[in-house]
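Both complexes below contain subunit A, partnered by subunit B and then by subunit C.
Take a look at the complex of A and B:
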């Protein structure tokens, strides 16, 4: 029961990481570069939600503002920077994304200050389910994440644009000769990426605090989950986020709290040694 | 935050004007001692930094008004650490290499001071700081004896925690520490002092920064059924931990350092969650004459009572005691000045409270500066021992119930 409780503790953290990893992996799969601004897009979403929540008192309105705002922000980053750099080496895109992340972080710092802010949500006692203490707020956040994930996977697997996105991710050249317009796919992908980051950022903000650095500091676990899940695999990213979150918490009785972060990287190493493409990744031929 | 940034820009502008105005430069000539005021004007230290910097300037003005130290005027060059070691190192480099300052005053947060001290050591100039990490007392950080600490060490904080826990009658303390030199220093200092009193610590946890949740850490600590949890923590992690603790519903008391349990924390969590938390902070030497002089200067500069910023009283003392040492040494050669710091700060000698008074008394013999922040007696490591206040959070307000001495 003790371990089950630890696992529950890890699930919520895993969901935040998983959402970040989903945003990262979508860009990785389709635009083919690691987007280091993912964390800061999450922070932007958290601030957008916080501002609207303070003004209106409604978390629902806050999340709509966060998703909308961050989606537009991600699209703007694409239109102004990444689009112009398309076809350059991965390194130039990566460095550009670090720069964009830096600008977002600095902008938030100037606009909101560096002091921490919090969502004023009512605190509630946990409910007991079969001996497990579960926080109602966590349940709500998990539900929000589940809805967001369902929406993303519905777009990816049930709509024409989703099919086109997956086609580009699979084989860009083949997609192009089949008449898929990269422009539309990219626009859709960046909007989704921004929205997913925003949900992750908002969850993180509600669970912890909001400061300009919160998203940036999540970047390492997000990258780890992306790699573990198999680069470019949306399902893998979410599952890997959850696996890492739960593995970290369940390991604490054995390795202590100081080394739990290292442990998630041990899991990552072990999986990659046995399965270099990640949990859900596919082997790609070198072109 | 907005005000402090504006004030900071103002101070830059003022500094720039000072440098640009040729008349001032000519007036001061070569007989000027430049001192760097390197304070956390922005970042986590933002609530304190601006006042700290202004008190260095104000104390320097008092020195200059009294005719300067050993016949030289003091000139302050201000920089912002952003409460960030990287930014602090860049600013310190600029102060030392471009402005050629003779001392760096006012760094805050252990990470910043630990990053800056190698630079001041290499330059052979003193660093006066308000950081708690025990590592700053000893080599390698303080290998040359040029580091002077005006804040209590984390170890002393730990001892104060133990005094307060004993006074409050707690029997089963547990500790939670942020994994850095300062956080662990606090809880280890507490554990050492508590065990010396014959007590036992029922559980201790060291946790990592930037986690989305500290529930597993809390589970482990609360499972030991402590009656009080003593922390070495910062505001962000304290916010998350207290929120999650409150949601568990298990009653326990908290003893938390003052830089984490501050009005910002109450604002973030509300009066209900924070009710009864004991916040421990060093207190200024409030009965002293020196404190009155500082308080007047602080009210003039910040339109607030001097008790609002313990660190500003420390920076006031830094400038004053440094100027007294320069006066006593009769030279701006820092090796000679540093050798005099203990002589002008520690007993025995005539007790003095201001630079002017000290300058006068130095003509007759030895002096002992009794500071605004503490009695300011440096030990062999360059550390001081301030008093500590136990502030209880009651109805969303921090009320100081008593002062403990260690």
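Take a look at the complex of A and C:
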């Protein structure tokens, strides 16, 4: 029962990791580079939500501001930097994404300071379901994540632009000769990526704290989940995120509080060595 | 003032050793090591802990090089099987894991409280400027040896092979060379250099805590070699000089411009590092001293 409780606690954390991994995997699959600014985009979402929540008292408004703001931010990063680096080596894009992440973090640090901030959400009594204590806040957050994920998957699998995105992920050259305009696909992809990151960041901020470093510190679990799920696989990213979140919580009694983060590193290594395609990967194998 | 200049020179030389290690790994061989600070930390803690056990620094500093090099070995074995960008992620994860371990294993590293009272080099000489200059002399000598060795490497058959790994690994394999072995050697060598840098750092600062070994340090070094010019020994030297100018200059700037707190300055510093990484990647990928015959 104890472990079941831990697993339940890990689910929300897992959704945060899963959302980050979804953002990362979309960029990895479509623009073909690991976007190290993903974590800092999450932080940006957390601060945007926090600011609007403080001003208006509404989490719904906060999340809209976070999603919109981070989507614009991600698009800006694409238009000003990543677009110019198209066709360059992966290293160039990776280094540039680190640079962008640093700039976002610096901006947030100057604007909001370095002290930790928290969302003022009312405390509520946990609901007891079959002996498990479930926090109503967690349920709300899970619902928000579910809506966000449903929206992303609906766009990916039900709309023409989603089909085009998947086509580019599958085979960029083939997509191009089929008349798919890369520009439009990239724009849509970066907007979605920013929005998804923001939801993850906001959830992270509500569950823990908000500081300029929170997102960057999520980068390792997010990378691990992306690779565990298989590069470029949206479903894989979310499932792997949940698996990793639950595994982190369940492992805590054995490895202690600090080492649960190192679990991501172990998972990352194990997947890369044993099954580089990840659980659901098929688009891109690793040498 | 003299003491201040000597202090800057010592820190600059330590960064220079780090830059040389990364130049060997990334600049010459193309290994994207995002975990340089992990090996720096291993070197610092190894030498600090051994010297506090009473071992002479003449033994502990080489020991730092050996442990940092050995730590790179398994990472190298893994790197053989991975694509470049995955290697970057793995090494970044490695350095964060190193930091977690030194934060958590209090029995060994004293956790976040850190290790105080690490012996200095030349403790027998009085604390004044003489000791500073002696320390600087030793690090300078090591750096010059490293620079000389790097120049020899670039000119050697080994150097040609590792540059070929960077430029076209498949072609090299087709010529019957085994890139794997070379990559591991390069990784171990560069990490050993970072380990030595870490040892000098620990014995100079005399107090180390896990927070000194954050990934930002890695990217300071990346910034230095990207600005200076990737793949050039001269680039590492020029880049490190500019990095120090930037790090120290930003400290003075705070004295001149009022109303900027230390925390804000730290943020601004990160922002400038980010901006420079982006601008150089877009507009001048060869860096200032780069090889303009190729892109």
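By definition in this document, the second predicted complex is superposed on the first by the 259 of 287 C-alpha atoms of A that agree within 3 Å, B and C clash if a C-alpha of one lies under 4 Å from a C-alpha of the other, contacts with A are read in each partner's own complex, and residues count from 1 in each chain.
Throughout what follows, a residue touches a chain if its C-beta (ideal position, glycine included) is under 8 Å from a C-beta of that chain, and two chains touch if they have at least 3 such contacts.
Predicted model, so just to flag it, every value in this text is computed and none were measured.
Once the two complexes are laid over each other on the shared chain, residue contacts for A:268 go to subunit C alone; subunit B is not touched. Counting the residues of subunit A that each partner touches, subunit B and subunit C differ, and the larger count belongs to C. When the shared chain is aligned, subunit B comes close enough to touch A:12, but subunit C does not. Once the two complexes are laid over each other on the shared chain, residue contacts for A:34 go to subunit C alone; subunit B is not touched.
In the superposition on chain A, A:199 makes contact with neither subunit B nor subunit C.
In the superposition on chain A, A:102 contacts subunit C only, with no contact to subunit B. After overlaying the two complexes on the shared chain, residue contacts for A:218 are found with subunit B alone; subunit C is out of touch. By the touch criterion defined above, A:114 reaches both subunit B and subunit C. Legend: residue contacts after superposition of the two complexes on their common chain; A:279 is shown touching neither subunit B nor subunit C. Touch criterion met: A:209 reaches subunit B, while subunit C stays clear of it.
When the two complexes are laid over each other on chain A, subunit A has residues 113-114, 256, 258, 261 in contact with both subunit B and subunit C.
Interface residues of subunit C, counted against subunit A in their complex, comprise 32, 78, 81-86, 88-90, 92-94, 96-97, 100-101, 103-104, 219, 222, 226, 263-264, 266-278, 281-282, 285. Within the complex formed with subunit A, the residues of subunit B that make contact are 1-2, 42-44, 46-47, 179, 205-213, 215-217, 219-220, 235-236, 239-240, 243, 246-249, 264, 268-270, 273.
Residues 5-6, 9-10, 12-13, 16, 113-118, 120, 123-126, 133, 135, 204, 207-209, 211, 214, 217-218, 249, 252, 256-258, 260-261 of subunit A are the ones touching subunit B in the complex. On subunit A, the positions that touch subunit C within their shared complex are 33-34, 81, 84-85, 88, 90-92, 94-96, 98-103, 105-110, 113-114, 212, 219-220, 223-224, 227, 256, 258-259, 261-262, 264-265, 268-269, 272-273, 276, 286-287.
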